[in-house]
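Input: structures, listed below.
One chain, chain A, links the two complexes that follow: it is found with chain B in the first and with chain C in the second.
== the complex of A and B ==
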């Protein structure tokens, strides 16, 4: 009798578990669809002739694929310049913030010095200031430094946004690596820099990759400062290039969406390649070993 | 003392490091090159430089939505351009912060390539005793018509009067689901410029105005009558649903897609409409009248920065742009009417049918532009938008709407 009751309970629990799982999958599917739909629509519009952009009822698949938007974008040297600029700025900011951020994080993680807690707090606090309020001061500083309308002006600006994150992120990651590693390496004759480069960085690779991806995304997607701190077509980046297609008298939908797709591809590919490290890197710093 | 020295040092360093324009180098900040004029302005600048080897022009192009902020910010930081592309509603705001150079002395010169009397008048009117801008080209507001829907609704010709417009909008809306008579863009989304796109052209065609000189005068009978007309059209179902969330861009797209019968907007939209939907049975007419044949004139204006270090070169460039031959080319490139009316004949030659139609329709009508002299023009659009939204929701009468806009606008202008 007891067995039957237990069996009944087990069946009920199993059924409940299946319903729960089904609910979770349905919720995940809905959320995924909401997240992915704008991207699908962007691709769809980029492949539609402009007469179909606003057709009713809306259709995801066009009647015929129209590659005109891509052809216009890819054959226009302006857009190539925007892409190259975005790559230059993104890669430079990523490289610089990783080098400087990792060195700073190493200092915070492995050494105690006067004012270290205040300095760390200050680094975190800079992240809390809304960037829009910094636009005019940054504008003034960049002009003062003679870097207005140069890629160096953008690199320097983005570096100041990316560095605090890099420091916090790498500091969290390095803190998870036991100090025994450092001591063993030191006994074997490593200098402090040798400890960082030969011992800690290989272990911290997931953290480095996730920090790099975040930094690259920040520089690649940023619009407001790129618009304010540059004025020549030769210095514009992808987001500003896209905004140039929103005119006073209408939008060039096919070109705008084609360029948006082309502009999104590097980020998507990058993220797909290193997704494993990014997820691992983001969560690793949260737990101390 | 130390602080003073530090400040002086910083200022000196800033002056030394700030890139100053060399003699003969000017910058032209505008959004025109980002419109449907691919490559035209680069060629124009190259042509100017070939004719004036001692002057180089740097073409600085910003998206339209950012130009106003850019001009203000650049000026504040000291990196303002020499020649500025301008929109008339920004005038008062720019004058308040001293961005613009008065052009009276330049316009009075004998060796100009144009006669001031030949220029489109609207941007030239004096404010604070001076002229601040000149017209590169002009975009009169017209009504674009989907003749297919007009005929389907049982009419042979587009509406010429308010009464005909009401009848046709209701009939078109009754045709089928998803089809509306006319779109009215009263979205609060910046720049919230729906009222100046549609309400003002109808008001001017009704013989009304919203300004008394430089003072807002929104609560007058003509305004109330025009608001009542909008409300009646909405109540009769002639207006596309969701006016409070429609932007000018959405209205244009809906018209191009063939879902609205009429669109009130600048004539320049005709090229987008015909190129993007060649199947559309399309024509354009003057905005239906209720007593006066007047149109709202919009355009691309040019001014010179008060802080420019090369004002003479800047004027040489402006002078070049306004010469009949160059001005005609600029107008054709934008499918617009020229700022220099001496260029009209050259524009007419080889112009497409829609442009010729605009020139014919508007040759005898009265141009009206009030935004240039209006205080806090851009802010006032939001006020009008919000109050018209409330009226269309049924929360207030047209008279209450006019009173509310007037009160809020006066408060805003203080």
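== the complex of A and C ==
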């Protein structure tokens, strides 16, 4: 009897577990659809002529693929400039913030010095100010420095946004690496900088990748400051370029979406390639930082 | 081979003094083990010799050079860490070659040295692997290999075996001993494991609360302890240390009296701490005719047996004498019943007497 009761209970538990799993999968599918639909719609619209964009009933797959939007974007030197600007700004911000952020994080992680805690707290509190309130002061500073309407103006601005994240994320990652490595390397003959470059950075590679991706995305996606701190077409970036396609009397949907696809794909591909590291890096920072 | 002189070494952490003037003189080729409980300052001393901690006061010399102001790489030392500290992104070969590469040694020479040491430590098949793909024992050997390739004047070991299981620890202990016999380098070895200290050391330094309690050969430390702490620290199971009263004929232990000779300075009625190792307390039934004839053996006292631990070749006999819990030993095949009173005999020839206040030995 007892065996039968136990068996019955096991079957019930098994059934419950299956229902629970089914619920989780349904919820995940819905959320995935909500996340992915705008991307699919963007790709779909980019492949339709403007006349078909709002045809009823709406269709995700067009009757025939229309590559006109892509052709217009790719042959227009203006859009190439936007892309190049975005890459230059994104890569420069990423490189600078990685170098400066890693050095600062190394200091915070490995050395105790007067005011270190306050300095670390200050780095974090800079992120508590709403970005939009900084627009006018930044504008003033950038004009004062003579960097208005230059890529350096954008790079410097984004660097100030990205650095605190880089420092906090890299600090969190470096904190997870035992100090025994530093000591072993010191005895092996490394200088402090040698310890960082030769021993810690190879170990911290996932942290570096996640920080780099985060920083690059931050610079790549930024719109407001890019709009305010640049004026000429030669200095515009992708987000501003996309917004410029919104005309007073009409929208060139195919062109706009084609440019959006061209602008997003590299980032999406990059993110998919390194998402394993990004998740690891963020959680390391979250636990330790 | 280099001589190491540590003179009046002091370490301050803010207002806290971690080391109170340590003096150790280690002869060339000597295997010196620093042993003591956690927080006694043994690792701090080692790290100060290595150059990983600043020296607050005193002097460290390696060979004929004072190394206080020198960077670790300039001290001619190599260190093996408790957690091995192998670089995870480098192969075994590169882990071992790293210090030589930094010193800009020619590649063929690096290759020769690494392969030679790998051969000694049986690491040749593992040279292309990364540390993550090695077992604990293999990692330990790589850590030693990394130290050996540098051909240092001094090896420093910081609890290198504490992460290994008991069997592997025994094997590695023997390997380190063999290595020392082969290389004959000066070694400072930190451990809290007294078996490691006894088996490896030419000289043991016992530390407590930032001070040296006693230093000497393993024999001296074990058989001639200076303080209650040393007597209780070395030996497993530990020495029985019991508070007794001196009587005209010996000692009063609880309700029983043990007839024995006491040091000359002691007078009847004085309190004294008596130390006697479990090996020197045996059931009276174990006594041979020779032992019974030996006047140093006390007349057996009958005590209740609380617990018997079977260790295989011998048994530990836990019993009560007055308020004191004590441990004696008997053979593994001897049958004794727990809970029953049993006569136990004390070999007082090997008893130690300590002052209860200063905890120093009364000789």
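One rule holds for everything that comes next: the second predicted complex is superposed on the first by the 285 of 289 C-alpha atoms of A that agree within 3 Å, B and C clash if a C-alpha of one lies under 4 Å from a C-alpha of the other, contacts with A are read in each partner's own complex, and residues count from 1 in each chain.
By our rule, a residue touches a chain if its C-beta (ideal position, glycine included) is under 8 Å from a C-beta of that chain, and two chains touch if they have at least 3 such contacts.
In this text the structure is predicted, and so the values were computed from the model without any measurement.
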Self-check item: When chain B and chain C are modelled together on chain A, clash or fit
Solution: fit
Quiz prompt | Touching partner for A:74 - first (chain B), second (chain C), both, neither | solution = neither
Quiz item: Regarding the shared-chain residue A:54, is it in contact with chain B (first), chain C (second), both, or neither?
Solution: first
Quiz item: Who does A:186 touch here: chain B (first), chain C (second), both, or neither?
Solution: second
Exercise. Please work out whether A:274 is in contact with chain B alone, chain C alone, both, or neither, and reply first, second, both or neither.
Key: neither
Self-check item: Touch count on chain A, higher of chain B and chain C
Solution: B
Quiz item: Between chain B (first) and chain C (second), which, if any, makes contact with A:95: first, second, both or neither?
Solution: neither
Quiz item: Taking C-alpha centres, what angle do chain B and chain C open up at chain A, rounded to the nearest 10 degrees?
Solution: 160
Self-check item: First, second, both or neither for A:178, with chain B first and chain C second
Solution: second
Quiz item: Shortest C-alpha to C-alpha distance from chain B to chain C once the two structures are superposed, in angstrom?
Solution: 40
Self-check item: chain A to chain B touching residues, read off their complex
Solution: 50-51, 53-56, 136, 139-140, 143-146, 148, 227-228, 231-233, 240, 243-252
Practice problem: Using the touch definition up top, name the residues of chain C that touch chain A in the complex. | Solution: 50-52, 71-73, 77-79, 81-90, 98-99, 102-103, 146, 150
Quiz item: Taking the complex as given, what residues does chain A use to touch chain C?
Solution: 178, 180-181, 183-190, 194, 199, 202-203, 205
Exercise. Under the touch definition given earlier, write down the residues of chain B that touch chain A in their complex.
Key: 10, 13-14, 17-19, 27, 29, 31, 34-36, 58-66, 70, 73, 76-79, 178, 249, 252-254, 256-257, 259, 266, 268-269, 272, 276-277, 279
